Amino acid sequence: MKRRTYLTATLLGAALASTPARADDDRIVVGFATAESGFMQAYDKPAQDAAMIRIKEINDAGGLLGKQIEVVNADTKTDRAEGAKAGLSVIDQGADLVVVSCDYDFGAPAALTAESAGLVSFFLCAESIKAGIQGVGPHSFSASVLAAVQGATMAQWSYEKKGARSYYRLLDTWTEYNKGICDGFDWALPQLADATLVGEDTFKNEDASIAAQITRIKSLPEEPDAIMLCTMMPGAVSAIKQIRAAGINSMILNGSGVDGSYWLSAVPDLSNFFVPVQGSIYGDDPNADVTAFNAAYKEATGGDPSTQYVYPGYVLIDVWAKAVERAGTTDADAVVAELEKMNEEPTLFGPRTFSSEIHHQNKARYLIVETTNGKPGVVDEWTIPEAIPVADLMK
Amino acid sequence: MSARTSVARRTLATPLILSALLIVFALLAWFVGSKPFNQTIIDIFLRVILVVGLYIFVGNSGVISFGHAGFTCLGAYAAAWLTMPPMMKQTLLPGLPEWLTALQLPYWAGAGLAALWAAVWAALFGKILMRLSGIAASIATFAMLAMINTIYSNWEDVTGATSSVVGIPIVRTVWPYLIAAILAVFIAWAHAISRAGLALRAARDEPTAASASGIDLPRERLIAFVVSGAVMGMGGALFAHSIGVVTPDTFYLGLTFITLSMLVVGGMGSLSGAVIGVLFLSVLIQALRWLEAGVTIGASKFALPNGVQEIALGVVMILILARRPSGLMGNKELGWRRAGSVAPDVSGQKQPDLSKGVSK
Amino acid sequence: MSAILQILFDALSLGSLYALGALGIALIFGVMRLVNFAHGDVIAFSIFALLWPSTDAVAVIFAGNLPWFLLVPFVLVMGAGLSVLAEITVFRRFRKASPATMMIASFALGFVIRYFLLMLFSSRPKSISLLPALSQPVEILGARIPLLQVITIAVTVAILFGLTSFLKRTRFGLEMRAAAENFTMARVLGVRANRVIMGAFALSGALAAAIGLILGSQTGTADIQMGANVMLMAFIATVIGGLGSLPGAVIAGFLLGAASVVMQVTLPIDARPFRDAFVYGAVILVLIFRPQGLLAARGTKERV
Amino acid sequence: MSLLKLADVTIRYGRLTAVRSVSLSLAEGEILFITGPNGAGKSSLLRAIAGVTPPAGGRIDFADHDVTGRAPEDIARLGLSMVPEGRDVFGSLTIEENLLVGTGMHAGERGWRARAASALEEVYATFPILKDRRNAQAGLLSGGQQQMLVIGRALMTNPRLIAIDEPSLGLAPNITDQVYERLIALRRQRALTLLIVEQSSTRAMMVGGRMILMRGGQVMMDGDASAMGQSEAMQDAYFGYGEH
């Protein structure tokens, strides 16, 4: 008998701690259902800190609709089932906006709870088309730019500005984000007059060695001008290191996933290496406000932003607050209507456009960061002329 | 009165008590009424289904299977195919056959067919794998899981590969999961006292004696493998309906080890062990998470640093296994009187004699 | 010709990683019938031991830029030390437990080590330039092969010979082989159980650290889950090779490495993502025809 | 003075009691045979003495040390060497390696290498067949050769008492004669105490020395082997007539 009574007692205790309080209009609450522990914590926390900076700025300037923005949060613990609970608990704490995890797979459970509660949900930095109408519902948005745009930007920029003609496509099949980058590259390549795809291959992020893939590249008649590398951390560093160690010096084109200088010491004096970013963390962003933001971020969190995935968090609160201001209410449908009216809406990190067809960016201005001898720096800027059609994105 | 009914009558107490325990948890959720707590109870019931499903094979045959999370994956995706709105299936999963794309069943029908689908694959794989025993069987079942995971993670048009399949109708009430959990408990009990179940348990404790007395071991194991595959398939389907989205690596190593740990900590040899293992560890995890989230005692707010919950869970599991190597319940079943388990044995405890070579 | 040579070197270097892993697991299984699921986490721990615990992105090198002749022993000692500590604090209490209970205990221990590292270092991989000199390519018979691959193969072969002569020639090695075959009989002849087991754990920990070093310098990153993939393949190799048989584990490790590389090279582009499914299919086939493994150690068959 | 003393030793496996409060003592240099039908608890008793199965109750003293429940390797170091039933050779090791396993415990004592080498020569002298095939794998030996190897291996630990479980098991009669002949010769040469579990009481009687008869985990009779020989009481005790 002893064991059974013990079980019920603990459960009662756990239950009483979370009594529900419905969202109502006299308070504005932003709920963060993100990972505060586990593997996603390293990617969610920076973007969340940037969002908190924007919230502080708004509150200092008098708040939203005359009210201070309150913040509630629940830890998803990098677990999908726990993500659903986190979503439900921030909704119970009266959230008007549910901010969910950076990665679509870990953010979707919480976003779905927000959708079924008829609330607006924002993915911190998910770059898959599903992070929006197509994958969650009409009230869901993403603060970042589609991975496909990064692939397309790299293809067009390297063709136009660096005269690259022969391309090699190397895809890491581990995640949806990687495939998104290569999908954009596949969409853009045929539109480039005499650009040719000399070969393609796949590898797995966790593979200890990609020697077989490198052998195939080296067996090509002549070295490709550029390698489109669709991958992300942690496997990216090993792949890049092994490509350069094998003496392949072609341009390496990437998605934003490899942005950051924290890993560059692993590949001593890396060169001819290009990454598209929404803003530069290296202090050389053409827009001075970005450098100011980096300083504010350092002051708030004690460290410089380690990758560009901090910026979408700031943009998220920025666009949502503007929509609430224009709608005059935090009611979900009104806010969604305002967001869908935004066209080339200026933000600190490039214009943002939402429409009733797509709650994501299928066209955006990217800064091009080139790494030479291990030193990254902004060298150019590029915006793909026409947006990637939704049909191609849903391939 | 045939021997079968007497065995049934004597052991009926176990599933009844376990079901009563589950009903208490369901009433608790209804009484508290908060959605996140409701979801916690749903997760506990899902784990009960999966660990009881695992017990049906591992508990009765003594073979440690690493592959059962594969059946959960099969069940979850089958539920997705059967219950998603056809329009969404058109765009997300173009590779599905026409008749399947057009289909949209209620969740309970989907779960039933998902269990069948998993059972079919359990039979196919089982035909090959059930001849093996011991560590070879464990590795072969793990290879099966890895195959299922690799195929489902790369079959773009049918499973959406690594991207999450979304749009599965979400069921947020506790009652269907309670019914499914009680169903799983009764299926496990019925199998344990069936002819196949008893033969398998006999073979588990004395393999040589059992095969000498005419028990066709691979056949008995196959029956248990298929029944447990069906229950895991049902569990997978309901898992999909509990959060509305599935990806292949939700049903891979993480799930494999948490279900195995709950079974072993609870007591591998008994149905009550399986259920108590789930309840005990789930409550422990929730309590640790609740502490991590922060508890206000008087003025001060005491909170464990983030990430301590997993470490504490691992340490507690090691301590439990050290003190009670054959699990919390040993091999005893919950019953009115001190009814011992169907076949008294000490499977968790290695016989002290010189089992290798020097035996008497 | 050089392409074939290249594939041979790729297969050998990946195979040696799996062989070292399989050896580490077979050693412990030999003396304790325990499949140590914490082995992958010992690999990660021995590399993180080089870094000062810090959760910010840039790695704070603690012992990372010691000269190699100090760095390598340091990492080996950290791996062996953690492994022996695990034996003393956890596995010593499980001598009488069944294989299933010990396996779950080793999994729980791995879980604790992993989340301990996660708390200290956060989940973002830390970049370390470990023995950078090793990644320069070298020209052998026309094939350009990274020096590291050659070193990996050479180190593995050296370890194999070192270990075999240790087991064959030294007293401690003899006692370990006897204990591996019939643990209780060895004790009746005066072999100290705890010392033999601790020795096996120390050796296994050092082998894990060696894998950590090779992976660390090859990938240039220290990542909490770096050991997981090698651990799984090594576990399969140990069983295919014939549990408890050290030569079997090594041969199966090389076979698995070769199979994975050959399939990566031969499979058509759209079947290549399914490469691992074919490898696992081959694993099942081998187990069907040789359940006791390729080189079943004589003593491990159950006697009536 | 007795080298080995058992007081009310009881051994249980779960709920099964294999040995029920057995007491006996064995003097230095004596030969003691333990006979009795299958399942009488003979082997369990031997395993308890060697420390492999800790007794549930009672006390065991060896060479004035209380060894009840102590680890086998500690008891071996006191000079007790057990040869279990079924002749456990280390199949994957060579014959010489099998023999050398037992010498490890004396490592560190002064001159232990020389003593080990001379012990090896002595065993090869006693069992020449082992010397010819010393680099062969022990798993390839015949039953008789394995029996000799395990006895030789026990000798290598230079014991004061050797406990052997069923040396004649599965051996042809002439081979068993050879084994026993060597055992007796060794006992005389090295003033060795022998404790032998032997199922055939006739074999025990031929060799002489003291004999105990066990049945159902208890000692039925204890006396001089040749005297007990054909006595009526002996058969009754052996087969359990006239009881109940």
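The first chain written gets the first letter, and so on, giving A, B, C and D; residue counts start at 1 in each chain.
In this text, a contact is a pair of C-beta atoms (placed from the backbone, for glycine too) under 8 Å apart; a residue touches a chain by one contact, two chains touch by 3 or more.
All of these numbers come straight from a predicted model, not from anything done at the bench.
Interface comparison, A-C versus C-D: the higher count of C-beta contacts falls to A-C.
Using CA-based centroids throughout, the chain positioned farthest away from chain A is D. Computed from the mean C-alpha positions, the centre of chain B lies at a distance of 50 Å from the centre of chain D.
Once the centre of each chain is set as its mean CA position, chain A and chain C turn out to be 36 Å apart.
Rounded to whole angstrom units, the spacing between the C-alpha centres of chain C and chain D is 42.
With each centre defined as the average position of its C-alpha atoms, the distance from chain A to chain D rounds to 74 Å. Residues of chain B found to touch two or more other chains are 153-154, 306-307, 310, 352, 354, 357-359.
Across the assembly, chain A contributes residues 38, 41, 173 that each touch 2 or more other chains.
Contact of a single residue of chain C with at least two other chains is seen at positions 118, 182, 184-185, 273, 276, 299, 303. Per the touch definition, chain B reaches chain A in the complex via residues 21, 24-25, 28, 32-40, 43, 91, 153-154, 161-164, 166, 170, 242-245, 247, 250, 276, 279-280, 283, 286-287, 289-290, 292-293, 295, 306-307, 309-310, 328.
Put simply, chain A touches chain B in their complex at residues 3-4, 7-8, 10-20, 36-38, 41, 74-75, 77, 80-81, 83-86, 88-89, 91-92, 104-105, 108-109, 112, 116, 128, 130, 134-136, 173-176, 179, 394.
Touching chain C in their complex are the following residues of chain D: 50-52, 71-73, 76-77, 81-82, 84, 86, 88, 90-93, 97-98, 100-102, 104-105, 107, 139, 153-154, 157.
Remark: chain A residues 38-43, 173, 200-202, 204, 206-209, 211-213, 215-216, 218-219, 233-235, 237-238, 241-242, 245-247, 260, 262-268, 303, 306-307 touch chain C in the complex.
Within the complex formed with chain D, the residues of chain C that make contact are 171, 174-175, 177-178, 181-182, 184-193, 297-299, 303.
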